[in-house]
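As written, the chains take the letters A, B and C, and residue 1 is the first residue of each chain.
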């Protein structure tokens, strides 16, 4: 892990810089810290940060940018005629990367020496078989352009790495030297350090934006690749989901969307009435101690990890439902409507349980925001409490509750573990809640786990699904937050 | 007014000037009160349903999972026959190593044979069939024992073997003579033998620390699978999350809460953070796969990558709670610090931050707990499907070498065909929940202890 | 005390609407109303005055059991409406409040249309058999609330969209629509400007024809203008109760005098 050592080096140099800077400042003031412009620690920090920050920033940017630059250089080596029909440069490049990675592994494990790895030739050795022995599976035979590109790729990467190490080390030492040289008793160390710290704070805050950009770009790139390989009309308007790793897949999101929405609908059917009534009771009727007891207990449901709910669906709720609706004459109802434990109902009910506290605590907040004057007005006219709640409080809270339900819906649509374990894997349009169906998130998981080949539409479709999911949930959230905020303003 | 009294039914009391008596409920009031009671009943029912679900969940988890903490062992006196293990008799470790696990199997068969003869068992099973009661790892277990100290060769030692998962299931009531009708792995005759051995005390079910501290095992040996190694994987991930999310989260919050000017950029950042908090976790998994693994070529299944993904996922939570606790520090504190000539930065770092620290810590612990239980993103970066069979040696390996994580391990077990793994999945959940409860309790205690009213 | 003597003679007078005897109110450990006895007459406007926190609202809310909605509030003593104890276990507060309506300090129209605001009470109490009757009740109430002309063209507009004074008159009309016998008003004009106040005061004067009105106010002038009877509260005690004219010109208790002349409060 040479990069890790580099970081250790930078940290060590900074620590030394801190001590040195402090000492130098104190010396320049003749050991009297009162003669300094700033407190001695600031001189130390100034030197340490000067050594640390620029070098780490460069390191981070370098790590991000290098793969892209290398890719650019190497892709130039692939002649247009070497790109097979039905393929693209991007896909060939992903082969190149895989071969390069395979060679790396081979060298690491000692199956090839560094020299061999550089000199190996596609027309002499069966590279695919050799790498296959090492556990690096390649989709097709390695052609010589690809192999030489891969070798070049490794070479440039290695050079880049070396260069990076040198630059970062130089920056560290340079920063240290520069700041150290500037250190004397009149230097305004505090101001400089504070400006530096502020810059770091801003950097940290912008990470949120970077994450979003990362999410969008990473999915967008691969989605574009996907739409090069697969028609977008089939994706958005087709009717069948039938991935086939030999090619010729039908990959339409609609059946998945149907499963997702159906399961979410059932989940809301469970969570909304239960959550809403629980919230109403807790905020309008329950005495202090009941509330203090029941509310945190209900909220435990929200803190339970989804894997637990998934297991609950797969091993408890599913089999229980089969006992009721399945098994023919042995079942409780004597019917045979359900064959396996996974079904829309299984996943929907369990997800509903998970969402109960989500709905109830959001609604609780919203109901509490309805001014007491509203209730007084109604009670003062001789309404009962339930009339007050149904006819005054709930209508007044309606926009907020709608917002809460939308947030819950967005949760349900994006939920993964419960549907992966409880919903099943069959993509279809069906109204029968006792059948297995599949969802967007389950398909993302199944297309991206195991051996993924970033050159096949069957893998890339996951990114298109991902971005659709992202847009869908984001839209719901933005809408919900907007409604809730508008609602809050109404009573402020 | 007469209208009302007719509505209410019954003539007005003559002594009264207008309206009906208050002492008698009108039919309408009775109806309305019934509706009121129904409405309340719905509310109570809703809370009841919620609490019932909680109870069912908890009972389920503990009912199904406690079994994983005990395991069935079979104690046998094994004669470590020198003629089988060290033909040359010179105790040379290299020579002894040449004897594979197959070489140890006869010793176990012999031990069973002796046992049967001693106890005068009438099962009539062949020694091989008796030895099948043990875990498939029994021979390897014995071999490791011998290799650890070759001097034991030639002795007869009393050895505690892991029993096969069917035997274990029989002890735990999961397996019965009816349920094994089509099971090739165990026969009714073998169960008869087990019954005899139970009566005699050879087969015992005891606490099994290997489940908590041990490594995962292959499909064939549910009885040997443990969650210890994936616990380490989770630990390393949490270290990464803590090391990154806490400083970055606090820095971002300080900027947004204390320094940021109110402008469009700040607005964008704020909207961004609140939206990121609601992005489905699987999307972070896609991000991790695309950026960290596919683009930056970090290794698959590495806790470092898992930690990075979870960091990005937890950051919004930490930022939101940190900002809330910064906000709760009254402005007078800042003014006081500025008043004695501190810079804004000093006021924040010396006065505001320490006062907000308990709140920040609470939020961080809650964020960590959330990250600890998260599974979906880990599926995409390869932390599932990987058999975590070796504990990492050292910090670097802990971060970079493939591992699983607790929730991923649980998912992995749930997917396997043998129902014996289900018990382990539930058991794993108990351990996971113990961690989560501890963390949340810690957060609550922190909050209570340092709660401040200004 | 002054008012006990009056109670004796007032008992057999038919115009006594509400009589309170030895009423104590506690909020947890706070003793908010201490031993209050009072007779409130029918077809009369009674004003409650007194310094802030003296318990005027608390006592007012006892009269239609609105205090039941506050968990920690406890009321002892007897309050009789037409000779019936309203705290009797057999009495349903819902039925009571239909007879004893209430208007609050801050206008609190429901977030519904003007029509639905007024129709709310008649609907829950089942006062109208059909839509036409309901329309009639709504119109009559709005007219008596002196706001009909201002809203007759926009009955479907939300009640929250009216001005403060209009909202308060809407709330009064809403209270009238259930045909109460007593109308309790807790500082109904404190959120209103002088013109709206004048409108509401005028309205109160008209309402006296058919109801017993109890009004809490901080404005001495208002009490003098609209009420026939005045009760002065101080620290939870009912200090003095009598004809408004007398209280303001010739108070018996020195505390009343100092309050009226502005020395306490």
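By definition in this document, contacts are C-beta pairs under 8 Å (C-beta built on N, C-alpha and C of every residue); 3 or more make two chains touch, one makes a residue touch a chain.
Going by UniProt, the chains are A = Phosphate transport system permease protein; B = Phosphate transport system permease protein PstA; C = Phosphate ABC transporter ATP-binding protein.
As the structure is a prediction and not an experimental result, all values here were calculated from the model.
Taken pairwise by the contact criterion, the protein chains are fully connected, each one touching every other. Greatest centre-to-centre distance from subunit A is found for C, with centres as Cα means.
Separating the centre of subunit A from that of subunit B, both taken as means of CA atoms, is a distance of 21 Å.
Subunit B and subunit C have Cα centroids separated by 61 Å.
Across the assembly, subunit A contributes 384, 387 as residues in contact with two or more other chains. Residue positions of subunit C touching 2 or more other chains: 94-96, 99, 124-125.
The residues of subunit B that reach two or more other chains are 32-33, listed in rising order. Chain contact summary for the complex, subunit A toward subunit B: residues 1, 4, 63-64, 67, 101, 190, 194, 197-198, 200-209, 211-212, 214-215, 218-219, 221-222, 273-278, 280-282, 284-285, 294, 297-298, 300-301, 303-308, 310-312, 314-316, 353, 356-357, 360, 384-387, 389-390, 407, 410-411, 413-417, 420-421, 441, 444-445, 448-450, 454, 462-463, 466, 469-470, 473-474, 477-478, 481. Subunit C meets subunit B in the complex at residues 14, 42, 81-84, 86, 88, 90-92, 94-96, 99, 124-127, 179, 181. By the touch rule above, subunit A contacts subunit C in their complex via residues 287-288, 371, 373-384, 387, 391-392, 395-396.
On the side of subunit B, the complex with subunit C involves touching residues 1, 3-4, 7, 15-19, 21-26, 28-29, 32-33. Against subunit A, the residues of subunit C that register as touching in their complex are 64, 66, 69, 71, 94-99, 101-104, 106, 108-112, 120-121, 124-125, 171, 174-175, 178.
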